[in-house]
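Structures are listed in the sections that come next.
Common to both upcoming complexes is subunit A, partnered first by subunit B, then by subunit C.
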Partner chain A sequence: MSRRERNLVLARVAIVVVAVGILELLARLGTFGPTLSVPPSVMLQTLMASLADGTLVPDVVRTAIEIGLAYAIALAIGLPLGVVLWRSRPLAIAVEPYLLAYYVIPLFAFYPLFIKIFGGGIAPIVAIGVINGIGAIAMNVLVGLREIPRVQLAVARSLMLGQTQTLLHVVVPATIPQAFVGIRLGFIYSLIGVIAAEFILATAGVGYRIAYDYNNFESRSMFATILLVLIASIAANQALISIERRLQRHRRA
Partner chain B sequence: MTRIRLLSIVALFALWEVLSLYLGEDYLPGPWLTAQVIADGIARGWLTRATWITLGEVAPAFAIAAVAGLFFGAVLGLSRLWGEIMEPLILGVYAVPKVTLYPIFLLVFKVGAASKIAFGMFHGVFPVQIIAQAAVAHIRPVYLKVARSLSLTPAQTVLHVVIPALVPALVVGLRLAFSLTFIGVILAEIFASRGGLGFLLSAADQTFDVKRVNAVIVVLAVIGVGVNLLFNLAERRVAPVRNEERQATLAA
Partner chain C sequence: MRVTLQGIGKSYPTQGGGTFVALENVSLEIREGEFLALIGVSGCGKSTLLELIAGLQTPTAGTIAFDGIPHVGPHPRVSVVFQEDSTFPWKTVAGNIGFGLEMRGADPKARARRVEAMIDLVGLRGFEDRYPHQLSGGMRQRVAIGRTLVLDPAILLMDEPFGALDEQTRFLLGEELLRIWRESGATVVFVTHSLHEAVQLADRIAVIAPRPGRIVRIIDNDLSRPRRESHEAERYGAMIEELRVLLGLEGNREQTRA
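Right, the complex of A and B next:
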């Protein structure tokens, strides 16, 4: 990391620390009224306590399983879908507008239908996470494949590489940086889909806990769980971004 | 190309019909029955009323999101240092399931239009900000050089060079912002409200009125996809953007 980069990171940390500090101070002074004035330190304590005594653990485990399943299925469908759309131009013309537009429709509306199709339990929630993730994955794979420089494919042909060799040595390396954007966004969108679906529809899971605490005026544990969601999703995003950076640097080198 | 698109719409309706026959109209009313329910909703007014309530909330939320997003995007785009410092922080917030923050909006603004507008705006502001910042930061240097060599004043430069150069990216940002603002308002209405399409959806859901649920979904899809198409037309008019660039994959 260069000196400049390190300074940038320090500046970001400083901003977050100052913001949290101000929030802490204002909350301790009770600026926002009794329900909203929960200092960040109290949120963290409450979160630690509810993780330690196990009250929040089943929900965390359930949500983690749902996100993991949703993401795995979204990858299993989205990656091949991107390839299929690349191979078949008519299919791409037919399907692309839907892949771009379906984010406009609140998918949660389909929950009752999913319950009918998939039964109760975690399956309908997972289904929403899957659908939320597929589009970004497939579209980015498609864009990545389309942007393979023609010259590289020509070289592969002139070297008379076989299909598998072309795939392994030309197509995959050329596509990975862009495809990984989709692989990262797919995770984020699956996560958002699952937690949002829990928040609105489910009767268990981290998202449900936030809604439950809100409805029961438990603002401390509500803020604690919100904090958990914030930390987990931002950390996951940062981890994926740093992998993405490394892949892109690798490509340029 | 148009023929394939038309065929795909036919295929979509056929799939819907087949699914509804397979699952039974008690679970998934088919296209025809749904059309009848929508007609009833328009004739008796329950659907039109809810639609107006929702649009009445989406419009101010979108307007505020657009202005605020453009402003902060431009500010952070112009200052390279602050842009670089803030970008990961903003992208981090963007990756959060924002609906879980809605209770905070409810506690601050109380149940009613204000909390839904505020949340819709919060849900939609990020793509405009992110795209505006990137567009301002990466404006082609040659444009600014030309402006300088023509010795334009700063005001002229902004008016005749900077803004036209940004328009294509901004239209993309606004399209995404509309989608997200729209979904934000619907989510807010589903969770806690007394009116609007989201409220209609959750009320129909709780009484197992699948026909109404379906009718509302169709209206949501028509509004969402319709506005999206308008933005797409605008995008094609303002600049010959490549398809891949238009697909800036921001969504939630």
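Right, the complex of A and C next:
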């Protein structure tokens, strides 16, 4: 790491430390009123305690399963959807406007419909996570496939590669850097969908826990859970970004 | 390998429902082991003709035969070097050069040996583990040339392979190409729009006129090699002049160096 980069990292860490410090101070002074003034240090303590004594664990496990399921299904539909739209021009032309407007639709406004269709339990929550994830995955796969330079496909044809060889050795490696942007965003969007859906639809799970604590003035426990969600999503995103960087390192400048 | 083009035509449907004739009635015998240049102004159909020979497009009229045997589609002994950068950014220099062999299932040891030799031949020793984005345009084009040569093609089709390079690099790579061509014994079809490049490299120069694309003249080039403008200045100059007239470039000397 160069000196410049090191200073940059230090500066970024300093921003977080200062922000947390200010929050700690303001909370201890009671700035946000008696119920909401929870210092970050207390949030962390509460979180550790509720993880240690197991009270939060079932919710965390349930949410993790929902997210995992939603993401897996979103990938299973989104990846082939991108490929199908690439292979079929007429279909792509027909579907494109809807795909572009995908995230314009306020998905959560339809929650009564989800309950009607999927009933109670985790099904409607997973469904919202799936739908929220598919768009980003399919769109980025489609963009990645369309951006394969024509000449690279011409090389494959000129070498008389079979369909499978062309797919495995040219199409996939040429598309992966862009497709992975969708694979990463799809995860984030599935996660957001699931947790938000839990607020309104669930009887357990991390999102439900936050809403429950809010309604019962359990600020400490509420902020502790929010902190967990924050740490988990940032960690997951960072991990995915570092893979993405690795995949993109040979991209042409 | 010998290539026979017989009455080749290629037209494309246009927006308005008509047809655009890119090539019309092209007949040409490409001799075994010769270095043939195809020259013409931009848009006259050079790339189209090359892609037809490569089997990447199908003619709308006429036939193509290799050693007298009619053929449709790509041919295992015919390789193409494209005008654009065609290297794979996710593979190293060695990985790119060995790609065709890998796809054809060559034994890994034999493949490594041939890739090694090819790296020397195209002058990329010391760069074998680099990725294309770490190379200059000229070096990437050497990689693309190495990737086709390692397959030991009987026919090497090159579409303005040095088009994106500066004149000095272009000349040096041209001389290297001639050395490789002599060693390999392959038939080379080399597309260019540069008069000097055609005269520097080719045994024969086929002049293509535009709209519709057709061969208007084939010039035999028997200047002694290595060819420099200074060696046989008079005959060199005369050949350039003849090409310039055939291409309709008289009175526009700027373009001849384009």
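Simple rule for what comes next: the second predicted complex is superposed on the first by the 246 of 253 C-alpha atoms of A that agree within 3 Å, B and C clash if a C-alpha of one lies under 4 Å from a C-alpha of the other, contacts with A are read in each partner's own complex, and residues count from 1 in each chain.
One rule holds in what follows: a residue touches a chain if its C-beta (ideal position, glycine included) is under 8 Å from a C-beta of that chain, and two chains touch if they have at least 3 such contacts.
Treat the numbers as computed from the prediction; the structure is a model and nothing was measured.
After superposition onto subunit A, partners subunit B and subunit C are found to sit side by side with no clash. Judged by the touch definition given at the top, the superposed model places A:87 against neither subunit B nor subunit C. After overlaying the two complexes on the shared chain, residue contacts for A:116 are found with subunit B alone; subunit C is out of touch. Of the two partner chains, subunit B is the only one touched by A:192; subunit C is not. Touching more residues of subunit A than its counterpart among subunit B and subunit C is B. By the touch criterion defined above, A:157 reaches subunit C but does not reach subunit B. When the two complexes are overlaid on their common chain A, residue A:6 makes contact with neither subunit B nor subunit C. Residue contacts after overlaying the shared chain place A:170 against subunit C, while subunit B stays out of touching range. Contacts of A:103 after superposition on the shared chain: subunit B is touched, whereas subunit C is not. Of the two partner chains placed by the overlay, neither subunit B nor subunit C lies in contact with A:245.
Rounded to the nearest 10, the superposed model shows the Cα centres of subunit B and subunit C diverging by 90 degrees about the centre of subunit A.
Of the two partner chains, subunit C is the only one that A:149 touches; subunit B does not reach it. Per the superposed model, the minimal spacing between any CA atom of subunit B and any CA atom of subunit C is 15 Å.
Overlap of the subunit B and subunit C interfaces on subunit A: none, as no residue is touched by both.
Across the interface of their complex, subunit A is touched by residues 54-56, 74, 76, 78-80, 82, 84-86, 88-90, 99-100, 103-104, 131-133 of subunit C. Of all residues in subunit B, only 1, 4-5, 7-8, 11-12, 23, 27-28, 84-86, 88-89, 91-93, 95-104, 106-108, 179, 182-183, 186-187, 190-191, 198, 201, 205, 208, 210, 213, 216-217, 220-221, 224-225, 227-228, 244, 247, 249, 251-252 touch subunit A in the complex they form. By the touch criterion given at the top, residues 8, 11-12, 15-16, 32, 35-36, 90, 93-95, 97-98, 100-101, 103-106, 108-113, 116-117, 135-136, 139-140, 143, 146-147, 181-182, 185, 188-189, 191-192, 195-196, 199-200, 207, 210-211, 213-214, 219, 222, 225-226, 229-230, 233-234, 236-238, 241 of subunit A touch subunit B in their complex.
Within the complex, the subunit A residues that touch subunit C are 149, 151-152, 154-155, 157-161, 165, 169-170, 173-174, 176, 250-253.
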